[in-house]
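In the two assemblies presented below, chain A is common to both, partnered first by chain B and then by chain C.
Let's look at the complex of A and B:
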């Protein structure tokens, strides 16, 4: 596999995971950016454990993810009842706090960060293993009674409360789960890029991920899967003279999608239509096949 | 049915296009027969390629796209001159640009991997320290020499001997500049240092400047200047509250200019006790700080007032295009890189033959780490992969760089 293809697949998988972190918590109407901050924790702690303590990758991975999960609980307890807007602002602040903390901790290399992170064999397989694992988890969530509960919370919190859904607990659990996913993405990112600097985990990252999810569609998990590879690949597909227009293209796509399809390109209606169409197509094909066999027979 | 058909066609086309685009494409390799013939005929020295294509990682998008534009401006001028003079070893030269984004590690890695997929002899860039940190390890692993740009000395040294730092040894240079400044402005006991914690490069320069101050028993107080500061008044007030004897500015030019304006509004008049770091003299500094900067000192490691005709020519063109003379290093970086490549390729008789790729890459690396060439400012030496320059301490006169003191680096050794 060529180097560019390898990094394309690797980074796409990490971005999909990050997209899912936003998607998952948005199922209950909260936009939580904390996973980006927790991603920094995952990246820094795993790199530090490998570089300074000489831990094997698996141990560093587990350590970073556990620390990420523990850290995710702290803001989650405070933000469990926060309205959507307050959560957006608070978690953006968390990103800046985390960047500042890592920039000022000398044992994490300060502004210069950590470097010389060793190359991990089969990282692509590990990444896609994690992606599939989280994909199945979210799919199961979406198609369980928890997913249906999330739909009700998204539509009307009061109604959800009257139906016996503990919104606070629900939110805390989802924030911790997305925190875990953020930490995993952070570890994978650190071992992909193999250096960690505080500026990596900042606002541009958040904007890119937000674009992927809002263009792709935030009501299903499939929007991120389909549109992250496309949007991330746009600058690679475009001829070099058009590369400068990347942000313009992102902006137009985002605005166009929000104006024309406010729920993103792939929403539930589209999925229903696709499912019906596929079933119809199969029925049609099998019907014609049977007819053909009858004629030939 | 029609909709399904159309959807299927669209999705299939997208999938095929994506695979074709990301598969790295066909490499520029000749048919097997042709290669054998060329290898035979090539007889060591003959150039194998029809055109030299050098990949360059550049900041094309994001808030620092201005840097990338200047880089391209200088490189284009060098390309024009080199191609008019017959190219490199008789073959025309072209640069293929790749976007590394602004402080975007993922984009930098994507750009570098795309460049490396084309089996280049060397790569120009990356530019920012974030990109250098993220992308240069890939080049190092592939054995490709990287001419990284803005990354400061400590960052560039991490990857030695596989990188050429177009930023000189800023640690020794910063120390030498401060030693000279303390000598020409004696009697300082306490200095406030405006720093930019967001930038590893600037922080390492600030650290070197502080160490030089400490050598003179001068107390230092660091004040961080965030990039996104709107009101610089409180920063100025805080600095004045420390009752300093002098101030050093190692931060972004816009911030420096605004702080100096705020300091003047609050009664500061002793400009010789300001020392501005090398990245400061760009148009923002002159525009925002106009009328407040005269008599301050600026240290740099190249001379924007150079009378070298090549520099004058570039500076004139820059003024025609952008309305001000060239001062920022990105404008000559691409220019000098291409002239260094030209000299290297001609001296080593590089052929570009894929069969010799490995040995030619090693030869380029060894050559570039210790060489000399005619830079846009005159004769320039590279030692152990770092450009050697003396430190230049300028006084600002009439809102531009004026008188200059040449400071030898050993003053602070």
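Let's look at the complex of A and C:
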């Protein structure tokens, strides 16, 4: 496999995971950007463990994910009851705090970051294994009582409280889960790029992930899967003069989508139509096949 | 002691500009019914316009100031139709994401097209670096005095408009309840447009004062400013016009003191850390929302 294709597949999977972190917590109407900050923690801690302490990848992976989960609990406990905007701003602030901390701590290389991270064999399989695992988890969540509870919380928090849903606990649990996903994405990102610098985990990165989720569709998990490869891949195949305008294209697409089709390209209505169409197509094909066999004798 | 006085004056100057920015921001939140994340980016774009105007007219300060103020007003007015459908359906979170997209577009435009993305530096004539008052080795420059006095003047002018004029009553009525304001015969769309114009005017004035205070501008300044404005807004309480002034001064002072006494680049981390603590303990801000 060529190097460019490898990076494309690897980064697409990581961005899908990050898109899912935003999607999952937005199921209850909260826009939580903390997974990007926790991604930085996962990336830095795993790289540090391998480079400075000489740990094997598996141990560094586990260490970074556990630290990410522990770190995710701290703001989650405070932000569980926060209004929507408070959470958005606080978590964006968290991203900047993390950037500043890593930029100013000499052990993590300061502004130059950590580099020379060793190559991991079969990283692509590990990444897609994690992606499938989280995909199944989110799919099971969506098609369970928890998913239905999340729908009610999104629509009307008062009704949800009346029905006995503990919104605070729900929010804290989702924030921790998405934090874990963010930490995993961070570890995989660090070992893909093999360099970790503070500027990677900043605001433009958050905006790109936000574009993937909102253009793809925030009401289902499939929008991110379909649109992340497209939105990430298009600038790579455009001529260089256009590729430099990637962020500009993302901004225009995000604005256009939210103004014209606020639920994104792939919403639940589209999925229901798709399911009906596929079922109808199968039934038609099977009916015609039976007829053809009858005619042939 | 002299360093403390110098940093204190610097911090007050910066805080007064933040106060002006937050006032414009809160006006759009209260009357516009949106979350204008891209407001600071429009202010930075106005700084660029001020710089271009000065470059084209041989560093004319008057032309630069006019260009900054007028472009700020115009840019804000242009964005009103974009946010109108979102304000109508009360999609405040949606307006935040649209504003984020707009900020991305503006930042990219500044990075790719304006001065080839190179940091711009304002002429000394605008910055006003001449020392007017001295405290030993510490000085108070003409630019700092102009920033503080100008910001106070603009702020007082705005609050006069808000509390002593018919238009100001219309703004406050819309902030309380757009539905009731419509029943009272207040023209909603027209009032909203006026709010955008005034917020743009405040933004343009802030752009000029920022050019005086900082002396340079770059495409990434918009993101930094936007976060600080949002942080101040959260600290005070979103939409709280009066509280925003106090919170802006608190942020300006803490940033100035941290810059003076702590190594490295910790001022941002400390400012945002303060915000996180306030949000977790008191999510509605120190002074409550929409006063």
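Following the convention adopted for this analysis, the second predicted complex is superposed on the first by the 292 of 297 C-alpha atoms of A that agree within 3 Å, B and C clash if a C-alpha of one lies under 4 Å from a C-alpha of the other, contacts with A are read in each partner's own complex, and residues count from 1 in each chain.
Following the convention adopted for this analysis, a residue touches a chain if its C-beta (ideal position, glycine included) is under 8 Å from a C-beta of that chain, and two chains touch if they have at least 3 such contacts.
The structure presented is a predicted model; accordingly, all values stated were derived computationally and were not measured.
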Fit or clash - chain C, chain B, common chain A: clash
Chain B versus chain C as contact partner of A:212, first or second or both or neither: neither
Partner chain(s) touched by A:247 [first = chain B, second = chain C, both, neither]: both
Contacts of A:270 with chain B and chain C, given as first, second, both or neither: neither
Touching partner for A:88 - first (chain B), second (chain C), both, neither: second
Contacts of A:75 with chain B and chain C, given as first, second, both or neither: second
Touched partner set for A:104, first chain B, second chain C, both or neither: both
Chain B versus chain C as contact partner of A:24, first or second or both or neither: neither
Partner chain in contact with A:44 - chain B first, chain C second, else both or neither: neither
Touched partner set for A:255, first chain B, second chain C, both or neither: second
Chain C-contacting residues of chain A that also contact chain B: 103-104, 204, 244, 247
Complex contact set, residues of chain A against chain B: 2-8, 11, 103-104, 110-113, 115-116, 119, 192-195, 197-200, 202, 204, 229-230, 233, 235-237, 240, 243-244, 246-247, 277, 280-281, 284
List of chain C residues in touch with chain A within their complex: 35, 82, 85-86, 91-94, 96-98, 100-105, 107-109, 112, 223, 227, 230-231, 233-234, 238, 264-266, 268-269, 272-273, 275-276, 279-281, 283-284
Residue ranges of chain B in contact with chain A within the complex: 1, 3-4, 7, 14, 17-18, 21-24, 60-62, 65, 96-99, 101-107, 109-110, 113-114, 116-117, 130, 133-134, 137-138, 141-142, 154-155, 158, 197-200, 203-204
Residues of chain A touching chain C in the complex: 31, 75, 78-79, 81-90, 92-94, 96-97, 100-101, 103-104, 203-204, 207, 210-211, 214, 244-245, 247-248, 250-252, 254-255, 258-259, 262
